[in-house]
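The structures considered in this document are given below.
Look for chain A in each of the two complexes below; its partner is chain B in the first and chain C in the second.
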Partner chain A sequence: MATPEPAPASTPFTFPSTYNFPPFFTPQPNSNTRQAQLEKWSSLIQSWCKHHRQYKLSLVEAIDTPLFHNATLRKRLDLREARAVIDWMAKSEAEGGGGRRAEWIDAASTGNQVAWIWWRRPEEWADIVGDWVDGTGQRGAVLTVYELLEGDATVSQEFHGMDAEAMRKALNVLVKRGKAQVFGEEGQEGVKFF
Partner chain B sequence: MFFKPLDLTTALRPLLLPDETLLFVQDAVGLYEGKYKIPNYQDGQAYLTSHRVCYVATEEPRKYSVGIELKEIDRAEHQAGFWKSSPKITIFPKPQKGKVDKARSETASPAASQTASLYPGKSLSPLPQATSSPSPKPVNVPWICPICSFSNPVPSNFDVAAPAASTHVPPCLACGIKPPFATVLKAAISAATSADSSFPKSSPLLAEAQAPRPHDDQPGTSTLNGSISCPRCTFVNHPSLVECEMCGGPLKVGAHFGARNRADSPAPFYEQTHIANTEISECIKLSFRDGGDKTFLERLKGALIQRKWLLLHAPPPPPPQSTTPTPNSTNEESLQPAPRATAVGIAGLEQRGLETRLNNQLVIGNAFEDLEALMASAKQIVALADTLARESGMSANDGSAETQAVLSESAAALGMVTTKDMLRSGSANLYLSELSRNLAEYLTDDRKGILHREGGIMSLIDLWAVFNRSRNGVELVSPSDFQRAAELWEKLKLPVRLRRFKSGLLVVQRYDWSDDKTVRQLLEWMEDLRQVPPEEPVPWDWMLFGRPVTAQEVAQRFQWSVGVATEELEMAEDRGALCREEGIEGQRFWRNHFLTPEDQLGETPRSYELRPPMVDSVSN
Partner chain C sequence: MTACAPKTGAPIFPATVSTIQQYPTHEIMSRRGVGLGAFANRTQATQSYATHGANLRSTHLASLQTQLSVFQSLLHTFALEHSSTIKSNPTFRAEFARMCNTIGVDPLAASNIKGKNGRRGLGEGGSFWTQILGGDMNDFYFEVAVRVVELCRETRSENGGLIGVEECRKQVGRGKAIGSGLEVSADDVLRAVRSLEPLGSGFSIVNVGSKQYIRSIPKELNTDQATVLDVIQMLGFVSVSMLRLNLNWEKARAQTVIDDLVADGLVWVDAQGPEKEYWSPQNLLNDT
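Take a look at the complex of A and B:
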């Protein structure tokens, strides 16, 4: 997306038409239908998070938001079902899942409550950051993570104002690719691009 | 006696006349005319009814099925099985009015006349059937053709005393040249003289030896006074010999001995495949390859004694609402509507009730006097039980009113029902296949239209209940028999089929009905619903999604039972045509919008393949 929304929450989120389809909130027993249903849920959650610039989704909090609760239909997705959707999103496509579009955060301590919603996968973020670095000729430069996220130079970029932890995951991908090096302490990290 | 063509029911059983009842069924039965097997009529089911003996072939039953009316049967005889010969029942026709010469019709085989018409050239006795003066004794003596020296039989009506010009002399059978009158005359005279001397000796054997002769096409075999000349060395043997005394060659005595090899039995005069409407002039035999002959004969004799066919033209029995056996005239009068008119109001009703009670008492009293009487008044008792049940209303709380109506009506079908005692004990397969046919008939019967009324589909358990209740508690079918019979439908190619839903529910359906049709029906209906604005405002976009249906609504719409409707909906869901919504209102089904891409959601109905038939149904 070239132009990020200036004020994310100001424009109302437009739900897809299936959101108003009552069976959307009932788990479908037919596997084909179920697959289609999960895909629709996955894309709804992703676009919802994207719209609200949300990188983590806490199910307990989200369960009462319009995302999972359709007030007009008086229908909701219960916690168990929502968890099943996230579970499905977390699986790769090879496993019959939604292509790792979600990731449980510290499943043991949070008990599958909070999840990353990767409306862009860390790899995709890494590509975007890498492209920006290339495009602005900053290869070899050293930047702090704070600069990347909040600096004036990145205002026009999609990753401006992104969750720091998510950015760290994206940078880690770049590190693995050998295109960057991260150093410094927690919260004070700097990054050098190659 | 004639072979009558049979009308078969949808289940390929003989269609019974009103008041005709089925008495016995046996499979693996073959049909003989005279002594010969009739081709294509060698493996089938024999049905004995109160009016007819019917044969229905296993293969191509619509083509090869015939019936014989009992009223044309004179008597039936049993012939025990021996070695490879199966037990048989011989049925003799009543002598026909036009033919008084019984001796003739018994000794001279009817084959002669039939052969004459079918194969004029080959006939050994080419004399016309219209005999002016039947000779007292049929003497078959040969005259030797002077042209080809073939020995031809002298026609039995050849009158020595008649003038030469008025007597018709048949041509030689071998060369077709008419013989000089003198040759035949000489032969006849010599025959007459020798017959006088030889007849007393061999007369007991004569009939036996002569009877099969007309079938005998063997040209070398000629007989003289009952003696048989050997076709090989021409030595004239005693008629009781089967082999030539001189050369040991086989003598073609007749079909008695030909019965040794069953398969080769020649059927000289029934070359045509269809025997309906052909006359039986000698006798027919039913060969029971799989047993059952004893019971068949016993019931046949019983039926011949009972003469139920006489009732066919009798006045109809009293209408069921009066449930009267009308055993005496006084009772009958009391039931006439006249007294009802005189006493009105509560008194009239009471009087009527009293009369009915008296009458019922009489019926029950008569019926239970002894078993014979019970059998005789079975129908009345059934009708009475029926009305009693209806009056008491004890069965009013289970099943719909329509099913009730079906139940009471179906008592009439009682006679059509196969019971275990109609079949030989141990022939479980036959029982099941008959039951299977029975069920198919019961289901497809248009008068009752059970399957139709249930929306073309019915659960097997419902059917079992309705069917057993229609038997009024007699000869009930066990669930396992019932299921096995239902499973036979497919095999017997009957017009209904058993279907198992995913949950294991067994239902009965028309044969040509498929899931695709059901799904299309459902979708068409939902498409119709989508066109109608909902009565109350709904939170979803009804123009887009239409409206959900519940199993109850579907059951109502298609006259299915709720169980069946649920199963059909789940089947449609399973096929991806529908999807479900579970909520506080219960389970509802929607058209499946998940599988259509988001951007096409609005247009789907327009490009929908079922659109054209739906438009048709709307315009209708």
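Take a look at the complex of A and C:
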């Protein structure tokens, strides 16, 4: 993981009832059922990552975590299946996928092992940051990305402490919308909001 | 006086007058069938029975009509008095609906009339029920029906269009938006589904074993499929060998039924055990 997040371990993750349904871990032969199954997996993975404030998921690491391995039922989603789920999540809804809720990171070098899990799409993060900027009257202000992520001013914000790379993607969305400008070299970027 | 006077109606036979003292009254009565006069007498008796019967009937009818109108006005008062409870308390509503059903009044059917001659002005065009409950009764059921339809459509891919009435009730009662919780009973759900029938929507109630389901895909379950679903209901899941053992089915028969159920999306497969197990997705609902 890029940022070793202190996981909010105070509240254990509550699995949906699907998680205790043994066939959930077997790819369903019926295509309609399969669709429903993939949707359920997608929402489980998203809420798992959200709960653990995790932005990237490494399949090899995750495959033995409770997310993919239900020890009580002694059922598990194998690596190939997990990959199929992420593949489906990465497709847009128009392609019959899960609405780009995942994105493989550098497929060539990692070999489809690590993926962004967009429990909020970069566009959604951009909206949140944009709203915060508007709400606190900081249009025209210049902030460093570090301030955005770790500064005292953003402690109450959902994006506080988020993955720097994910934040950069969100800021890029704002740049494309003409609402921000990013400058400086990597690791020390500043951002100006319009 | 050789025959009795037909108009008096009291059959007294002259032939027996002299012997009256010798016989107790019932003896005389028992002998009235004797003689020619008996024929006329019998017609007359039939007639008087008929008129008497008609009289009785009309008095009955009158009293029944009075009873009914009294009852209706009582029901009216009752419904008015308790209309808020009827709307808010599912148990009470179910009992009220049951009571209406018993006397042959269907709140839904009655309130449907509103559609025909309604809009002409509140109060006059509406049916008995819309007058009492201000149309809220059918609005309530339609609201439930809309939610049932939504739920069925949303979950169709996961349960193949078969959803338990109880599961549906829980889900509908919960509502999606904040504050949209609606206390409903299974009876309300059943009524709501029935209210969809005139639309030809293909929604129907299916009994599998002791459990009621809403079928939102107009496809019949055959006996074998229903049996297997019933077994799953009891045991949690089935496998081909379980069906062979418990129902004495040939392997091919068991496999075919299961394959059909899978093809219809009515069961999910778990292939991670020693033998494939087939589960019903009915419990999946509560996490969406």
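Quick note on the criterion: the second predicted complex is superposed on the first by the 187 of 194 C-alpha atoms of A that agree within 3 Å, B and C clash if a C-alpha of one lies under 4 Å from a C-alpha of the other, contacts with A are read in each partner's own complex, and residues count from 1 in each chain.
To be clear about the criterion, contacts are C-beta pairs under 8 Å (C-beta built on N, C-alpha and C of every residue); 3 or more make two chains touch, one makes a residue touch a chain.
Being a predicted model, the structure only gives us computed values, none of them experimental.
Partners chain B and chain C clash in the overlay (superposition on chain A). Of the two partner chains placed by superposition, chain B and chain C are both touched by A:P22.
In the superposition on chain A, contact is made by A:T72 with chain B only, not with chain C.
In the superposition on chain A, contact of A:A141 is made with neither chain B nor chain C.
Looking at the shared chain after the overlay, A:V60 reaches neither chain B nor chain C. The residues of chain A shared by its contacts with chain B and with chain C are 16-18, 21-26, 28-30, 32-33, 36-37, 40, 75.
The part of chain A that touches chain C in the complex is made up of residues 16-18, 21-26, 28-30, 32-33, 35-37, 40, 75-76.
By the touch rule above, chain A contacts chain B in their complex via residues 16-18, 20-26, 28-30, 32-33, 36-37, 40, 72-75.
Within the complex formed with chain A, the chain B residues making contact are 539-541, 544-545, 548, 573-574, 576, 579-583, 588, 590, 592-595, 598, 601-602.
Taken in their complex, chain C has these residues touching chain A: 155-158, 160, 237, 262-265, 268-273, 277-279, 281, 283-284, 286-287.
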